[in-house]
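Two complexes are shown next, each including subunit A; its partner changes from subunit B in the first to subunit C in the second.
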Partner chain A sequence: MTMAVVPSSTVEHGPARAWHSFRSMLYWHLASLRIWMMTLAAVQVLSGVGFVLGISLFFKHIPTSAALFVSTGVPVINLVMVGLILGPQLVADQRSNGSYEYLRSMPVSRSVNAAAWYTVCLIGGVPPMFVSLVVAWLRYNVPLHLSAMIIPAIVLTSFAATMLGYALAHAISQPMATRLITQMLVFVIFGYAPVLFPMRQMPRWLGTVNWWFPFRHMATVTRAALTSGPSPGLVTSYIVLGAWSVLCAGLALRALGRRP
Partner chain B sequence: MIPSSLRSGPGYWVASLGCMLRFEYGRIRQWVPMMVVIQTMMGAGMALMYGFFYPHITPARALYITTGAPTLALIPLGFVMLPGSVGSEKMEGTFDYIWSLPAPRSAQATATFLLYSLIGLPGTALALLVAMWRYGAHLAPSPLLVPAALLCALVAIAVGYGMALAISNPLVMNLIANALVFVVLLFSPIVYPASQLPGWLYAAHRVLPFYNMAVVIRAGLTSGLVAHVTTSFLVLIGWTIAGCGATAWVIGRRH
Partner chain C sequence: MTSRLDHLNPATGQQAVAGGDDWSFRVEGLTKRFGNLVANDDITLRVEPGEVYGLLGPNGAGKSTLVKQTIGLMMPTAGRITLGRFDLVADPDTARQLCSYLPQAQMPIEAFRAREAIELAGRVRGGRRTEVRARTDALIEALDIGEWRNEIGQKLSGGVKRLVGFCMAAVCPGRLVILDEPTNDVDPLRRRLLWKEIRALGAMGCSVLLVTHNVLEAEKSVDHLAVMAAGKLVAEGTPSSLKSTDRSQLRLQVMLAPGQETPVLPSWAGVSTRVGHNLVTTIAEDDAATGIAWAASLIDAGTAEEYALSATTLEDAYIRLTSHLSNEDDDEAPRR
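Up next is the complex of A and B:
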């Protein structure tokens, strides 16, 4: 009777292995984003600083409340830009040119890869967010009030956006559909979700629809951490964002775990 | 032995134009409904969206946003969709194939211009209707609207096509188109009065096409709201000539 051939190496796992994979994937993502740097910088500057400065042209004299809303809404857009918009388009490109399957074949666990990508989204989102805040403060002298709640707000807003983008990128196999949806999302975030303006300025039914989507809640938690004063529905917003994160992470990881 | 002589002359040009119109229409026929829908969504969607940014929509604001909607619908068609389609033609190789057809290149370009102008008009009109319904603005259309709308469609397409041809890298073109739309939609006095701009920005917009497009369309839809309409018409004609000139320069060269 012959013995079955056992591969010489054992399956590697454990925290050290996960940490090693995490670092490798982080370098990998950062290096592959290198050619996108120009686009990323242009998008972040235009959507952040551009919007902060441009909004004042809409008014003869911009009201303080409008300036405050834009100043605290633009950081949300900066935060979600990489994970929600750029990420899915990147994956759509990988699917089109064939490198997607290659990346999936790498011996790294799905959750470690997701964690590395989330870190990249934080790196790409947090500095522009603060640049926009500083520009807004210099331009309008708005009464910003940074509290410690900014840390959970950033962590959860970015996580929910990244996981939503991750689900769009991996659970939808048509690159064209992914591109279309992300372009529509840009439109929605800028104009059809109460991120850059108060909800009372849009029709009531649209506000109700927005309750079910994460963008309104991202704005609520970020705005609460940047301004003083009451922010009703803050706990609900954290819960809704958490639910979206878990749902999208589940969808994405299930899609990644399926064999093609 | 090749029986034909070199074909030329006005008759041949017109016949080529007819053939190219049929050829181009056949190629984009399946995309036409989608293009009209996207364009309406952009124009009407932008017009609705601008309203959300204002705490109170005064009648003057409503009038400005409504009369800006057609311009908002034309700009994405000429400056994004047309360059995008030229970009994908270049990547697929269709672009070179069309150039190899035995039709004058000027007839080919004219066919594209005519076709896109025609496709652009329904979406533009729909965007205006949606904005009118939303804001209930009272308009006073005049016959000036017809040449104004046609010239605006033509200028957007001529400049967009000229840019798409003159810039050979599709990725660079894509980046420019997207940045342009963002800058135009935010920093151009299309849905708000130009008096709200700083002086230098207003001076820049008086020579750029976007503000002048809004002026001539607004002049056709209202009475007494805008001044210096003739200047705007002249600037737009100048840009159309420049766009056609860039097109002519590129198609007149050999590879």
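Up next is the complex of A and C:
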């Protein structure tokens, strides 16, 4: 028989427990990804850098304004990729292999678990974002002006994307449906949201549709923090992004706590 | 050596529970419906601290549904689930703190080293680093899995993964430890070590709810057991009390020849079940000679290859109650 222990006789709530759980779950999430970490880092960097460099293959001469748009749009892709695309796919895998049940049975509050995963998304998104910016600056010599507003822009963009992904992951019980929807989102962000190109190049109706979705606003707040000059609609974009974040966080936490 | 893991993180808001409190696990009138399907039908049971309580039943009996309601993954249609003075249905966060759980599915440890997974599970459950580490080492040694201590999960065999999963549930155990098929894929030698550690959890004061198909193993290791079938609790008691009904009975097991239909059973045969080529029935002690003659005639006719007559086991009570063999893969309809 092993050393004797006394089973826990206490139920703990409060900040100390939350902080302990947060650190444990942050380690859990990071360690869970470690065998794919190099691949993930490569995919993140290559998707950003690849787009920055690849766009010059399409056009012989790229106007500075277009180069600036691409250079300030790619960081948004880097920021949202982990939380919006990878996160739901990981949860879909957990549902498929049966480990989702164990993870939901862990004695960690839903909000603390979400906070730990959001931190992972920041860790996975911010470094590739800056790599993409440096490569863009070296390749196009675009006039970037990094302001302190980059901090709230990163925090909110990543949070909105992570919570949207978290809501999709936990509210949709069919893993295949989750995978299909995340694939569709990649398609939407690259092709039908004004992230890598200006909205004036879109049909008016598509611009109106985009106003209600978060991707355009992610690009607006991030671009405003990376460039000088006027940023029309910046406050509105922060408000819309904040609303999406709150809505998605609420949906995600509700889905996680759902007991059929 | 006694290590108290219950004074960890003296956080504000900590709810201390007096040591003398009744920590029994009680399920009262639990009913769970999915539309017209009644997965749990008015289940009532009680597990005392220190007790290893087996929950037996075939697939679809409602065992996992009961467990999921206990740890806050499902909401009962009616009834109560309490642990000590805590209402686990009303407060699923508390349920998850007070219950540790080994699910039937594999644990998500592909990227973790075995020791790391166990330690991390202990840390997530609120354990102190040094105590969790010491307990982890002790469990690894007790289950004889030291050679895989630093191996990552994706390189572990199913049996070793199962043992690591058990350690994750036992490293910092809750007042209720729920183990769903803990011995699946585990080799016979380490099964014995595992049962010893399951008993040890009881000795530490945990209530252990053991969900299993394996009646023969459970018979040797549980204090009490309940048998579930079609959502109902069809029997409850000690292994001896459940066997008492079959005390004047014998077990006749006939191994049918490949490709043979099930023979017509004589009127003296009790409830019978066939799984694969294995036909099992109970007979009265007075019918022993008749039973042997019948089995021998099947062999003479080429219908059967061999037979065995033995004392009844808990499995015979299980067959009587559920019309299933334990550990069966392809059950056929029960026969009179």
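Assume the second predicted complex is superposed on the first by the 248 of 260 C-alpha atoms of A that agree within 3 Å, B and C clash if a C-alpha of one lies under 4 Å from a C-alpha of the other, contacts with A are read in each partner's own complex, and residues count from 1 in each chain.
Following the convention adopted for this analysis, contacts are C-beta pairs under 8 Å (C-beta built on N, C-alpha and C of every residue); 3 or more make two chains touch, one makes a residue touch a chain.
None of these values were measured; they are calculated from a predicted model.
J.: Please work out whether A:Ser32 is in contact with subunit B alone, subunit C alone, both, or neither, and reply first, second, both or neither.
T.: In the superposition, A:Ser32 contacts subunit C only.
J.: Taking the superposition as given, does A:Ser109 touch the first partner, subunit B, the second, subunit C, both, or neither?
T.: So A:Ser109 only meets subunit C here.
J.: Counting only touches as set out at the top, which of subunit B and subunit C does A:Lys60 meet: first, second, both, neither?
T.: first
J.: For A:Leu86, decide between first (touching subunit B), second (touching subunit C), both and neither.
T.: Neither partner.
J.: After superposition on the shared chain, which partner residues are touched by A:Gly14: those of subunit B (first), subunit C (second), both, or neither?
T.: second
J.: Between subunit B (first) and subunit C (second), which, if any, makes contact with A:Gln94: first, second, both or neither?
T.: Only subunit C; A:Gln94 stays clear of subunit B.
J.: By residue count, which of the two partners contacts subunit A more extensively, subunit B or subunit C?
T.: It is C that touches the greater number of subunit A residues.
J.: Tell me the contact category for A:Ala225 with respect to subunit B and subunit C: first, second, both or neither.
T.: neither
J.: Check subunit A for residues that touch subunit B in one structure and subunit C in the other, and list them.
T.: Of subunit A, no residue contacts subunit B in one complex and subunit C in the other.
J.: Would you mind writing out the residues of subunit B in touch with subunit A in their complex?
T.: 45-46, 48-50, 52-55, 175, 179, 182-183, 186-187, 189, 192, 195-197, 201
J.: Spell out the part of subunit C that touches subunit A in their complex, as residue ranges.
T.: On the subunit C side, the touching residues are 1-17, 19, 21, 23, 68, 71-75, 86, 92-94, 96-99, 101, 103-108, 110-112, 116, 120, 123-126, 131, 134-135, 138-139, 141-142, 152, 154, 172-175, 177, 196-197, 199-200, 203-206.
J.: Which of the residues in subunit A end up touching subunit B in this complex?
T.: Touching subunit B from subunit A are residues 38-39, 42, 46-47, 50-51, 54-55, 57-60, 63, 65-66, 187, 190-192, 196-198, 201-202.
J.: Along subunit A, where are the residues that touch subunit C in the complex?
T.: Residue list for subunit A touching subunit C: 1-17, 20-21, 24-25, 27-28, 31-36, 94, 97-99, 101-109, 257, 259-260.
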